[in-house]
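Naming follows writing order (A, B, C and D), and every chain is counted from residue 1.
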């Protein structure tokens, strides 16, 4: 009799659980983006998000910036990949309307690992001499206290990153809230590190993934999952590995439209507020 | 181009760059390639094809050639363990000290506002320190990209001796030439110019100072066998991760 | 065309790759013990091992101590579980013939994670006020450099643990050296952290586990695996999840015999040197 | 005993201990249990059975009740995240300050040589600090186990105020009695004695000093419903992880 502590919600209710001002962790474009839930957030619209991109942001980050939902972005990069620069992100940094916490990929992962372990900081090699240290006063260089023979060994230490909430999309969950993610372990790290994890899935199955040793190996236990909601094509127009490829036309259309604020608004009126794929 | 390039077609600048990079990779055990790096990716896959299975290539974002099963951090952990011999970095700006800038153009004092904002540093601020052979590549070779001093240091080219740094820059490959980098002197040397390019043209297109001998050799082309391999087996492997690139260059 | 860098060896050759004096990481009894390979090491016999139990040791550690193969044990515990105290370990600590580095489970895991990340140390909560700090001069208490407002916040930092070699047994490998371990991720951590990983398996399959997204989720890539060897019943008399249960009679027989050095020698003559299960 | 204990059989000391522990667990969200802890394990599974699915129980070494998929470190990480409300520790020695010793008997100056060596500290040196409600249990209640001062501190009962410590000892359950623990005073109080045990007998069997009121109540037994549940549904769940224990006590 496994415990049943994960709530099963509908998409809009799940999105409503993310409060204004939340520090929200979002996965990269190759790892399951909860695009349907992001559109629900834009319809509300949510405000003042601190986005933690794990470790880089793409279309979902750019859309949320365009919708005026973002106060701050913490990321190793924000990009539309082969479609070029992220237009609303780039514009927002030119105008100065969002705060940027530039990072480097392994620093975000190390910060989340610190939260996962319940430790206040994590050391990381590299970074010294980078201007990231200038713009990230929360990062600090110390002398490795275990260096041999009093040798100087400067090393960067990074504070734990504990998101209020993690939001992503996956292929499937079971009714106990166990979510199968396969090799996409960054999603597990995010769920472990975050206070809450909200997950949309293509489908919820009436089984227990943890009873199958092969599935269990790629499963985040329901223990870490606050709530799940079904969302068919929930990652569209981003790819979902094992289910569907990226809709490159829709992505290119977005990048083209979002070059200007007006273009973005028109795009959002059509794609976010009306034409919600079922 | 929609037909497969034959082994006798003219060698393109892209193929010259791939050949130059591949030469730097021969004999390495494990080469990792970032998600949007088709030229280095092609060079790595060519190296693997010529290694008889001894060279491992890990391409981020590839289904076929991404061996990682421990999430996004595994590439970086793997590099930290010393298991990655070569990686590739680019930069919105690269300067004569091999400092790279992936953040933006403008005074760092105005950060985060920027005259031009690039996507961000990605893993460069880390990998540049721990991967022994980092090859810089940038197709656009202009004073705008190869600058005297970068506006923002995403990752420095060299570090003081007390800083743990088993890795760093090895060379810089552009559409015009190949520079080698001397870590002790923190300075580039013009190693070779691509066919049809003069040393003077490189000097004019480069805003940073560098060393060059009086006679700069031409970047060697791939031999016929290498070129044939690149245009057949390797092109098809490249297409798995970089379909547009492979179609454009080799019609596969 | 995946690279083929993992060697496929026979059991004795695989065991011969572990040099005297090696710092060797061994898994706990529930996680796949390479007992056939351990018996091969005892027949040699290997000498002066520094065993790193991840995080606790059982029958394999006790056997190696009995065989005189061990100089040092680094472990959160050594126990025969429901069969009580580990007899040769207990005797060796009474006589003082081995060095002991007592630890606590998460400290060993944190040390391995530091090696996995290529960082020189890892902080960990707890431990302060434990006598472990007295007997582990390599562990150190520092003030958290990121503590707020100059508040004192002492925290333990632990050096990275980089074993020379990891040795374990698993259900199956493929011909590229990819090893399927399911949810037993401590084995992956050990392989990542170690300079070499030697693995025995019930069988080597002529496929590529990484091509199957469900299997891949529980697979250590061959990249980290130095060599594999087939060993049927390779974990006997320890259980192998998904294959066979523990042979509790054989385990109880061992504990009874190993109460004395003579008893152990007799047991070893019979079980290790002659009756090698195929 | 090889038949199922009926609901009317006499309540055993083991069942008294299980009942006493279960009472301390009511209403908690997530209880974790170590591999060789059948009495706390039974109490945790009883608590879950009475919670209607709101209480999660994670039993190390169990196939059915171990929800972890991230390796041996996950229990400790999970506790460090604050997601585990209760855990159980024992000790070769436990003293009046709730310090526990899982390492050995003898002068710590002679370490690692020991007069008697215990298995080792396991996760105690960590979990005792981060799990809010740690319940100590030790069936053997003698001056040899409940000592004035432990010979080796695997984990201290209390810590100075500057030490990060959201967790710590809540109570000590033995075959004779239940002690509660006051973290501010670093001292046990005799809470209740099991049926048939006197306060004087506890005092005689305990080498450390503790507080006790003049009238010490008896440890409450499980009510009939709880006992029936324990001996039926819960006994079968216990058998999955602790087969010998379940057979011995309830014949399942």
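What we mean here is this: a residue touches a chain if its C-beta (ideal position, glycine included) is under 8 Å from a C-beta of that chain, and two chains touch if they have at least 3 such contacts.
What you are looking at is a predicted structure, and each value in this text was computed from that prediction instead of being measured.
**Student:** So which chains count as neighbours of both chain A and chain B?
**Tutor:** For chain A paired with chain B, the chains in contact with each are C, in label order.
**Student:** Relative to chain D, which chain has the most distant C-alpha mean position?
**Tutor:** B
**Student:** Please state whether A-D or C-D has more C-beta contact pairs across its interface.
**Tutor:** Higher contact count goes to C-D.
**Student:** Where the centres are mean C-alpha positions, what is the separation of chain A from chain C, in Å?
**Tutor:** 35
**Student:** Taking each chain's centre as the mean of its CA atoms, how far is chain A from chain D in angstrom?
**Tutor:** About 40 Å separates the centre of chain A from that of chain D.
**Student:** How many Å are there between the centre of chain B and the centre of chain D, using C-alpha atoms for each centre?
**Tutor:** The separation of the two C-alpha centroids amounts to 59 Å.
**Student:** Whole-Å distance, chain C centre to chain D centre, using C-alpha means?
**Tutor:** Taking the average C-alpha coordinate of chain C and of chain D, the gap between them is 29 Å.
**Student:** Please output the residue numbers of chain A that touch at least 2 other chains, ranges allowed.
**Tutor:** In chain A, the residues touching two or more other chains are 110, 113, 117-119, 124-125, 153, 155, 183, 188, 216-217.
**Student:** By residue number and range, which residues of chain B touch two or more other chains?
**Tutor:** Correct list: 68-70, 76-77, 80, 130.
**Student:** Which pairs of chains touch each other?
**Tutor:** Those chain pairs satisfying the definition are A-B, A-C, A-D, B-C, C-D.
**Student:** Touching residues of chain A toward chain D in the complex: what are they?
**Tutor:** Contacts found on chain A: 1-5, 115-119, 188, 192-193, 210, 216-217, 219-224.
**Student:** Can you name the residues of chain B that touch chain C in the complex?
**Tutor:** Going by the criterion above, the answer is residues 29-30, 48-49, 51, 53-58, 67-70, 76-83, 130, 237.
**Student:** Please name which positions on chain A make contact with chain B in the complex.
**Tutor:** Answer in residue numbers: 28, 30-31, 54-56, 75-79, 81-82, 85-86, 89-90, 93-96, 98-100, 102-107, 109-110, 113, 124-132, 134-135, 151-155, 183-189.
**Student:** Touching chain C in the complex: which residues of chain D?
**Tutor:** 35-36, 61, 68-74, 76-77, 80, 102-104, 108, 111-115, 117-130, 152-156, 159, 162-164, 244
**Student:** What part of chain C is in contact with chain A in the complex they form?
**Tutor:** 110, 113, 117-125, 138, 140, 142, 144-147, 153, 155, 157, 159, 181-183, 213-218, 241-242
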